[in-house]
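Please go over the structures that come below.
After this come two complexes, each holding subunit A, first together with subunit B and then together with subunit C.
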Partner chain A sequence: MLTYVVRRLLIAIPTLWGVVTGAFIISRLLPGDPARIMAGLNATQQQVDRLRHQLGLDKPLWVQYQDYMGQLLHGNLGFSPHFSAPVAAQIAQRLPYTAELAVLATAIAVVVGVTIGVLAALRRNTLLDLILSAFAVFGVSMPVYWLGLMLILIFAIDLRALPAAGADSPQSVILPAVTLALFSIGLIARMTRASMLEVLGQDYVRTARAKGAPHRRVVLKHALRNAVLPILTAIGLQFGGLLGGAVLTESVFGWPGVGQLLVNSIFYRDYPMVQGLVLLFGVTYVVINLLVDLMYAYVDPRIRFD
Partner chain B sequence: MSIPESDSIELATGQLRPDLLALQEEETGPRREPVWRELLRHRSALAGLIVLAIYFLAAVLGPIVFHDYNPSYQNLNNTLAPPSLQHLLGTDNYGRDELMDLIHGARFTLGLGVLAVAVGIGVGLPLGALSGYFGSWVDLLIQRLTDILLAFPSFVLALALVAALGPGLKNVVIAVGVGSIPLFIRLVRAEALRIRELPYVEAARALGVRSGRVLLRHLIPNALAPVIVLATLQMGLAILTAAGLGFFGLGVQPPTPEWGSLLGQGENYIFRDANLITFPGLCIFFAVLAFNLVGDGLRDVLDPRLRQ
Partner chain C sequence: MRQRLLTVIALAGVLVAACGQSTSTPSPSSSKQGGTLTVAIGVAPDTLDPMRQTTTTIQNIVQMAVETLVQVNKQGQLEPLLATSWSHSSDGTTWTFTLRKGVKFSDGEPFNAQAVVTSIDRALDPTNVCPLCGQMPKFVQSVTATDSDHVQFTLNQPVATNFFLGNLSGVQFGILAPNTIQKGTPAYKDDEHPVGTGPYILQEYVSGDHVTMVRNPNYWGKKPAYKEQIIKIVPTAATREALLRADQAQVILDPPTADLPSLESDPNLKVLLAPDDRTIFISLDTVSTSQPLLQKVEVRQALNYAVNKAAIVKGTLYGAAVPMTAPMAPSLFGYCKMPDQYNYDPAKAKQLLQAAGAEGMTLKLISPTGRYIQDFQAAENVASYLRQVGINVEGPTTMDWPTYISTINVPPDKATTDAGLLGWAPGFLDASQQMVIFDGPLQPPKGLNTAYYNNPTVNNLISEAATQLNTTKRAAEYCQAEKIIWNDAPWIFLWVQKFPIAYSAKVTGVSYVPNESFNTIYAAPA
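On to the complex of A and B.
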């Protein structure tokens, strides 16, 4: 197992380097002159030049890249001109909100998605299967930004049951979390159903039934445990969608997380912030996928000996 | 079945050797009825195809039939009007007819999806085939590139790219298309790894057929079925992403009535006129749903492993 973990960690290093470099390249491609934007419209050319020199933006790109990598290794993500604060501090302030939303949405998605998938597989080709499968495909087809607006329309404007925006009360997280979860519910439910159907047709499930094992035990111990690998894949896969969805959901609901910060920073042309956030999203996704891979090896011993 | 010993795949009579034909059949299965006919019998896929046909008609015929409607014409005396016989879905904040905007927007939203996936296939298919067929350092290089592209959530990647490239139709196509490139590379690579070991490819290589020809004539055509399935499913996702960019005002710019940007404009009037968000959203939702249903159907029809 240890060999597998070490090998998998080593493979993640070039990917992380790629993510870090990708964030640098994207931030340098952004239009406009960062020094001019930071100095403000009233600054003289001299002031802009001085700022450009202070920021190191007059150095060759290769030197800027070296500086950036060096600072990053010291945990320095740069300075945000819009917020007049270090990028890392702003992100640290906003990150708990996104984490809360993502964890809650994932929890909803796993519980609801797996339940729907198992039920649909057990009642295959019945009306229940049709309804649940239709719900799942609706989930993966729904634009989150539209779903969010419709939920605001129904639950906040018409029924006045839940807050429409912000994060002021404990109930504020309900609508964004449900909105964000729906895509993942669809994805997990579809994968669970397919995986369960495959496993339910296996000899060992038939053997367990023939031996007279209770239905509940056959489904939960024999079938679901063996169907779990593709479900884990789905959970890993949905995380990319979840992070992207968080950007949209947070903007629709005015949820003060890093997703909303990314969109705002693009509009403010806050380059260091965009660079830091793109980096954050990339690194998070790589780490999550790494954890999913390690979980595979834990669940399925064949993988670590391969 | 063993690999034929003779190095010729043709008999003296000019006919193909029956044992090689049998090998190919073993791979593809016995000849079935045409795919499209099976697809039409697949109920949910048929529903998706009908929706796509309606959208396609709106995209192609809409601008011809309603050629006198100009999406950039504003009537500020008749803004946010409720549905009426004259304006079936009411008017928007510029007094433009909502239904006409949606019909004229069909070709932009659908076109964005199709073109973005074309970018994904255009770059991903050759790279995946090269990666899987040649292996060694070519494979290593392409796979690390794929890992890096896959490391960014697709919407975040599209958002960052469109911020860097600027808004507009062409840039949205690139920004959305780049996200699907690694998926096609992965898929085609896996297919290439499988196909290159098959007897008919070995036979072709043993005959001295050059690599380029093996790739173009044998490998890529036989890898197309799963590519078509992925492409269909990706079109739904590409439409979602492109419309999401439009929603933020970073995609196709007004007055072009792209559905995502119509939805984004409607958001500002959520308290006054819910129609402005309801209908563009429904249009996007049904487009994505239709591509997903057709994609699922194609997968059922084309992938023999899933067929019951």
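On to the complex of A and C.
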């Protein structure tokens, strides 16, 4: 197992190098002058030039790349010119918010999505299946922007029950987490339903029923456990996506996470911050994928990594 | 040096000094004390260091804690703040400021001349980043404390009164507690926790979420009504509106423009369309080789007559602007209303186009989206009006802001478009700050004269006015330049934006400065 983990982590290094290099190149290909954006329209050209020099943006591109990679190898994500602060410090301030949001949204999505998927599979082609499947499609199809505002309208303005925006009270996370979860609920529910339908038709499920196992045990122990592998993959990918992809939700709810940070960094052409965040998302995906693979072995004892 | 009192101690200033209250600060209609006032804004602070600031809204927040020697009031006029009076030598190169007595920084340090020198020197240090310091590092030779209550600025050349004082009213020249910005410390380069003399104290900034300001119990002037103000960062306009409607914020900046009528009709809310200094215009490439017809004055005038600005303001901007009546906003020193307005007159536009042989001319138009109030929608309207007089408009096309600026802010030989919608907010309320955009030598990359407008008479007037110490003559010089520019029409002159602020009817005293600034310092429960 340990050898497997080490091997996977080693394989991740060239992947992450590719991610960082890609982010470096793409951010430089974007039109726009970071020094001008940072200095503002009212700044003189002399001030803009001085700023460009201070930021090292007047150096040849390959020198900038060399400097950046050198920093990275020393564990330094660089310095954000927009925030005039270390990239790592800014990310460290914002990441807990996004992590909180992503974990809660995933928890909601897993509980609700798997429940809906299992129920829909068990009541296949009934009205309940139709309603649950329609709800799942609704979740996947609704634009986050619209859905978020509707939830704000109902729960913050009409019912005055929850905060509309910000992160200053424990209840603040509820609306953004539900908004974010709805998309994943749809996907997880559909995946669970399909996977359960496949498993429910298997011989071992019929055998379990034939030997008189209770319905609950058949569903949860025999069917769901075997159906869970593709669902786990979906959950893993969703979680990774939530960490990086909460951009719109964070904007709608004024949630101070890394999604908003990324959008602002792109608008301000804050290259080191964009690169740092892309690297963070790359690392997140690598780690989540690895964890999902390791969980396979836990869920399905037949899978061994040695 | 013999000092001659020229510009000193406006009567208002004396009164202010006497009663220890600034005239720019609106007095609340009630004297009720309040707990927390929540203000929702759309932009997140990149920095809270006054010296490094570039964003007006964030400057407004910093100004709650950090004061300047002079300030701009609600009428757009300069008035005393930490300096009670000032004078300059007859040649205009030595300025002496008398400082307010009995003032302390919120950390207990005394405010005095040495504190002023420390802060100004820091902002002018060429190794520091001060994007809004403008020409000041070039003009200011030295700043010295002549005694504990007097500061002397020695300049390399005379500069106009409004220009110099206007610069000093910017928060980049705010006075900070000297112990907090000692040379050699990290805060000298970047002070993210500015300590000033203001009515509020910066308590905390939670990155991307909120800034908390608490009332300064030892403030030298009138104490604010609210004990605490939380400035909440909410990028989505619709969510800011929701916060206001749910009473989770009492003041919001820039509500969704299309919702202005509904907010105005809500008895629980109030809408303030504050006067602003930001002009919105279509910059025309006056030296275009791809569309040489734009080099003709009559064609550019025709474009101005072709667009019904008042209708766009009413229908698309929901009243959040007023059509331009001169090449600058009325709140600027030096503004003078043009005798001949470009009123909507499609027949005249067609006639001018015909006379210039420009019927059916093609015009490439670009516009940003979301940078100014209803910008892209307005550009679409403009394009539609231009088509009605027979112009073949290509566009408007749009792009994100950094891309847009790098497209439009290029030397004439690199221009890829004929016309682009832009907004310009002067650094402070002085014509000099608007004229930089019409100054011939300040074409990109040296400046933002994106129309490549170059009229030697205008250039001379701008140079003369910059150092003109006689205020009346200076205003006349600007007025003359404005008339020439207006006639030359390097822009389609559109409108001066307003600054929409919506707030709860439970709050009073929400105010503004006509340079896109909000002021909630003296807000109070109604």
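As a working rule, the second predicted complex is superposed on the first by the 254 of 306 C-alpha atoms of A that agree within 3 Å, B and C clash if a C-alpha of one lies under 4 Å from a C-alpha of the other, contacts with A are read in each partner's own complex, and residues count from 1 in each chain.
Definition applied: a residue touches a chain if its C-beta (ideal position, glycine included) is under 8 Å from a C-beta of that chain, and two chains touch if they have at least 3 such contacts.
If you're wondering where the values come from, they're calculated on a predicted model, not measured in any experiment.
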{"item": "Touching partner for A:226 - first (subunit B), second (subunit C), both, neither", "value": "neither"}
{"item": "Which superposed partner A:140 touches (first subunit B, second subunit C, both, neither)", "value": "first"}
{"item": "Partner chain(s) touched by A:22 [first = subunit B, second = subunit C, both, neither]", "value": "first"}
{"item": "Contacts of A:51 with subunit B and subunit C, given as first, second, both or neither", "value": "second"}
{"item": "First, second, both or neither for A:179, with subunit B first and subunit C second", "value": "neither"}
{"item": "Partner chain in contact with A:251 - subunit B first, subunit C second, else both or neither", "value": "both"}
{"item": "Which superposed partner A:40 touches (first subunit B, second subunit C, both, neither)", "value": "second"}
{"item": "Touched partner set for A:153, first subunit B, second subunit C, both or neither", "value": "both"}
{"item": "Partner chain(s) touched by A:281 [first = subunit B, second = subunit C, both, neither]", "value": "first"}
{"item": "Doubly contacted residues of subunit A, that is, touched by subunit B and again by subunit C", "value": "30-31, 149, 152-153, 157, 251-252"}
{"item": "Residue ranges of subunit A in contact with subunit C within the complex", "value": "30-34, 36-45, 47, 50-51, 54, 82-85, 90, 93-94, 148-149, 152-153, 156-157, 160, 163-168, 251-254, 256-257, 260-261, 264, 267-269"}
{"item": "Residues of subunit C defined as touching subunit A within the complex", "value": "40, 44, 46-47, 49, 52, 54-55, 126, 129-135, 190, 192, 206-210, 230, 232-236, 238-240, 242-243, 245-248, 399-403, 405-407, 409, 424-427, 433, 445-448"}
{"item": "Residue ranges of subunit B in contact with subunit A within the complex", "value": "44, 144-145, 147-148, 151-156, 159-161, 163-166, 236, 240-241, 243-244, 247-248, 250, 263, 267, 270-271, 274, 277-278, 280-281, 284-285, 288-289, 292-293, 296"}
{"item": "Residues of subunit A touching subunit B in the complex", "value": "14-16, 18-19, 22, 26, 29-31, 137-138, 140-146, 149-150, 152-153, 157, 239-245, 247-248, 251-252, 262-263, 266, 274, 278, 281-282, 285-286"}
